[in-house]
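See the structures that follow.
You will see subunit A twice below: alongside subunit B first, and alongside subunit C after that.
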Partner chain A sequence: MTKENVQGASEEEPQGQSKKGLKKQQKEAEKAAKKAEKQAKLADQQEADEDDFAKDRYGVCPMVQSQQKLDRALVRVQDLTPEKAEQQIWVRARIHTSRAKGKQCFLVLRHQQFTVQALIAVGDHASKQMVKFAANLTKESIIDVEAVVKKVDQKIESCSQQDVELHVERIFVISQSEPRLPLQLEDAVRPEGDGDEEGRATVNQDTRLDNRVIDLRTTTSQAIFRLQSGVCQLFRDTLINKGFVEIQTPKIISAASEGGANVFTVSYFKTSAYLAQSPQLYKQMCICADFDKVFCVGPVFRAEDSNTHRHLTEFVGLDIEMAFNYHYHEVVDYITDTMVQIFKGLHDRFQTEIQTVNKQYPSEPFKFLEPTLRLEYKEGLAMLKAAGVEMGDEDDLSTPNEKLLGRLVKEKYDTDFYVLDKYPLAVRPFYTMPDPNNPKYSNSYDMFMRGEEILSGAQRVHDAQLLTERAMHHGIDLEKIKAYIDSFRYGAPPHAGGGIGLERVTMLYLGLHNIRQTSMFPRDPKRLTP
Partner chain B sequence: MALRELSSLEKCLGLKKPNKYGTQGERKVPVLQNNNGAPLVGLVTIASHLVHEAKKTVLLGNSAEERAVVQQWLEYRIARVDNCPKDELKVILKELNHYLEDKVYIAGNVFTLADILMYYGIHRIVVELAIQEKERYLNVTRWFDHIQHYPGVRHHLPPVVVLRNRVYPSGHH
Partner chain C sequence: MPMYQVKPVSPGEIKIDLPTCMYKLPNVHAQGTSCDEHALQNGEVDPTVKVLEARQDDILKRLYELKATVDGLTKTVTTPDADLDATTLSQGVSATVFKGTADLDCLLGKDLGALRDIVINANPSNPPLSLLVLHSLLCQRYRVLSAVHVHSSVTVVAPSLLSCLGPRHTDSYTRHRFELGFTLIWKDVSKLQMKFNTQNMCPIEGEANVARFLYRLLGAEPQDPVLATQMDSWIDTAVFQLAEGSGKEQAAVLRSLNGALGRSPWLLGQEFSLADIVSACCVLQANNCTSAPPNVQRWLKSCQNLGHFNCAYELLH
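So, the complex of A and B:
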């Protein structure tokens, strides 16, 4: 309004105005003309909207509050195959990408790691307005579409369903996404290094984790966590078949099980308690209670302030404990066989997922031997010494040496999975059984995948007196572990076991480089959210 | 350091009577006081003199071209390898690795003084390398292992373990 007023005023001015004034006047006139045109267009459109024949075929659905039970079958995107050609179906999916071109709009619809192309074209089933509506939908919105499945002549390379496309007849928004996404899914699945060459964006880890919900939608994340679920299931299935019992243990405990330094303290009414570093003491007590073979899947807490690629403060522990007859190698064999069953199961059942992850993070296929390779700690040290590493006989393996030994073993035996047996007693927890032949060593073992530790285990001391001695040697307050020691006084079978980190197994099986990639909502010293 | 190197070189050349050396300046440049004539100053100068004294001038190269190459690498040793700042070690290893790709010895197919002095000079660097790095500079390691086992060369220096087979997948960084 004000602009028009100004214009009016200038018109009234007498002649002889400056060039500048003239120009200004012209500009104002142009502006006014444009405005009028726009208004006319808008009016046109309103008119057109009124006689939009397809206006019942699209729109935003009212919020689903379970008002009605629709008798409508929704077909999953992964089931859209040429067998369904010419069928009229309903699909619920996200809008992965959309591209409008004149009277047509192409959408890529995504459900989990599967995508399909959908086409809305002006014609019998869709009006101009409907195409426009579809083109304006924001990425990641969830929609319901009714469409006819059509075979395509040329494969659609960019989608997982390459042989068909959907000809959309109705389209309704179930949940609308905000127009701006904190990260683009295409950027998040780009292989490392590719972005640099083409000058394209990659998403760094912290951005991913800050927006984990969106990052988890990427094909890579979908594949990782499906495979991880597979690890858990294979672990359970294998052990149940071997006659194990699944147990649940408390995570709030009164005393640290392995060294006091790295436990979280929680206030517990008038006293304090700890978060369990492992279900160690409880699974052993179950052995004393005649459960023979037990396992436990649950959270484990470590208060280590280490910000490395492979440490989390909370992770999922897969723990095994088992009574044996005469030699703890009986247990080692059980555990390694379980691991081998897991590797085989993953290889047989999760090839699609492995390939998907490999596209973004290439790695060599995981190799293992049957039976599993078992080396003694001394042999391991000898291999390291032969490679020029200087370390003492009773030193613990440092991370670089651990990795190097993994490479040496891979080179010599061609396996990514092996057991290192007979660790020095000094570097193991108090409940570890000393080696009868050499008191400096112990009946303990670690298992490694791609040169990194995934399992730590040992034969445990099942004699109350020796256990007391060992606890005192480690300076542990006997009062606090009284219940634990007492459980061995009334007849305790010899037993051994070990604990595996689920995230590490997934990470190392897939050859990934950071454990945060295989933890859905990772916890580390610097991250408590999301 | 340079003095121990010269005494090792003497033994390596088969000189029976050890010379006496002094040093001069802040950088401890070695000085050899000859019985007759002016004192000789500098590692390469003294080393070349010892080679003459031992009547093993083949170690300085057979042809004019070879002699030039030997001089070139002796200079490289003094100018680049010695007193090299830590962050430039990688550059030296990379250059040398590239150069040695198609050579047994520094001057090509014959063992020369350049091999001996380069070995002495680079030893402190190679000793510090992790296995993965030794594998990355594969040609340097191969040449180094060959020289440290060359009869009479090693003397005061500890042997460095070198793996004969690749442990890390190729192309992996």
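So, the complex of A and C:
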């Protein structure tokens, strides 16, 4: 019976091309097929004498190896609306939950963040065995169902498609999941704190990251990474509209770009090389090569052994560099406006995603001013002093002070995004242009979201002579940065720029508390896998 | 014709309890009166008057002492710099309008190296005209860094509201060159709000109260308590009955404005004051300038001629 069943299914139901991850699917399917065989054998014995009139309406498909190219349209779960009522359609989805009850079985089918209820009941189209088959399907298996869309009288609160349900007529397994999941999706989306109160399980960060593939299937993760893609897209769109050119820079470099302490060394044939800490030097060289306004999106490596909520050893940098006419504030205005456009775009286009994330991680909506508020470092220190923080005029802001300043600024101006300008020269890298009026300060700036730094930038020294002096002052080996200094010898436009951390922007925009939530496969001092 | 003698009807030495609530007058029939008159005529002072004078002197002395104590207290309260002479302050805040030299250190607390930034959150549906007038007055007195921002709670703001504080200062890239910051944020707030020092000061709510705060920075508020009270009263009348009141109330206010302005050029007499600023802005905003009574019309014209109201007029047209 099993064989026939499977064959029947294969004749009718082989699927269109499998997409990427074919290997994985094959493996899963193989396992699934074996399992199904076993189960079916059991069922065979038990129900040998019972006649199954619906035996070709369900089953496990043979592994999709692109045997046939079916011309069957699959409806996406999110498109299942009351307009489709009474239509007979095919849907591919995962089994989110299943609940059998005597002669019927309720399934919740999920595709991405959308869910719909499906019902299989013993009747004209389904036999007892078919219901039993459906009830025994493992969670997270991928199935194809043919069903009639029915309107429901009462809204189905537990699903995203609340006004319709599916009455299943055929059901075939495309890829079966193992019965034991390393983590339950319901547990993974439970709001923080809820689990503790009711004694229900929550999933800790490491379990999530170890089983990232399943964790990424949760509605929250889906929303986070869709939004992150939005940040990238908006960044690109805004800058291209402003006349920027996207460039690609090398990631394997011969000399450490900033100082040199926190770079990864990699072996490079007979010598060694470094992984780029920032595309800084290359962006600047592009400016010297008359590209005027450039940006690049790419990985950045930091060998900092800091296990904090906001440090990764590899992250995505959104870098901007731009030649200006007379004052580096021209660049600051460009960057802040880009950020404001991103915030506005996210607010307009990703409202559902923001709300989905908020359900699990509640946070206040992100607030900002247009044009962006710009304060000077001295003012920031004065605000901190007024709040009782004692620190030297030329000290860098510590993380708690950064946060406190963020709170003070929010209290007064009600903005989560602001620029702090004119940092002390002593705390900035050697290529930072000193302030023309006060040699203790520099033409450099940081930008903050919810009191945490997301961008650090400055006007760069574009004069080879001054650059040499500054490098010597910092005790940097001039031989190693010779190529860099030389690029300014043949006339260089005054320029400024900065680099933004994509993961940090996503994390802080959504008010999340750990950068690992916004990095798909995070790298930190303790994690190299998956 | 000889008369016979009669015994007195009453004994001569009757003790009568006179009421104490009345003045005591010397007996006109008494023997010694002529003698007293004589003494006064000689330029000698009645001892009772002397006592009275002494008492007055005493009271005045005590008043001076009290004034000195109060002065001392104001000095310690308004100036953290104890070495600053309080007399300069009282001289500075003289009654001459807009010429007083109020010291920002005294009024806003000591400078810690930061720009003293006054942040005003206003709803774009109800622009605070009087504050714009005060802003232009402040700009004449101090180096003011003005900035207009739009908060993310508001989606669309008319361009005229974005430029309502005038063109950007050419030095705006160096914040420390300014004495005062004036940051106007268009935000979805139900009531206008001002924040200055979030640590030690709660936000000030309501346009009238913020106007009073800003006016004090000009060091021009009337020193005479009567005038000061009248000013406050006009401001309250304007805000509660003209800006927020019913048609009936508005008409009543216009009538009383007309009456007051018939007697003097400005609401408080000869001097232009905050009362004129707030009331004029409320009349302008209530949009009944054309139907206003003649004295009010004339007064609005004078306000306009001062030049400080240009920004408000620009927003209205």
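Everything below uses one rule, namely that the second predicted complex is superposed on the first by the 480 of 530 C-alpha atoms of A that agree within 3 Å, B and C clash if a C-alpha of one lies under 4 Å from a C-alpha of the other, contacts with A are read in each partner's own complex, and residues count from 1 in each chain.
Methods note: contacts are C-beta pairs under 8 Å (C-beta built on N, C-alpha and C of every residue); 3 or more make two chains touch, one makes a residue touch a chain.
For clarity, every value in this text was computed on a predicted model and none was experimentally measured.
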Per-residue touch tally on subunit A - higher for subunit B or for subunit C: C
Touched partner set for A:329, first subunit B, second subunit C, both or neither: second
Touching partner for A:373 - first (subunit B), second (subunit C), both, neither: second
Which superposed partner A:387 touches (first subunit B, second subunit C, both, neither): both
Touched partner set for A:408, first subunit B, second subunit C, both or neither: both
Which superposed partner A:364 touches (first subunit B, second subunit C, both, neither): first
First (subunit B), second (subunit C), both or neither touched by A:400: first
Contacts on subunit A seen with subunit B and repeated with subunit C across the two complexes: 386-387, 408, 411
Subunit C - residues contacting subunit A, complex: 112-115, 117, 119, 121, 149-153, 173-176, 183, 185, 187, 195, 197-199
Complex contacts: residues of subunit B adjacent to subunit A: 130-132, 160-163, 165-169
Subunit A residues within the subunit C interface of the complex: 327, 329, 343-344, 347, 366-371, 373-376, 378-379, 381-383, 385-387, 408, 411-415, 437
Interfacial residue positions of subunit A with respect to subunit B in the complex: 364, 386-388, 400, 404, 407-408, 410-411
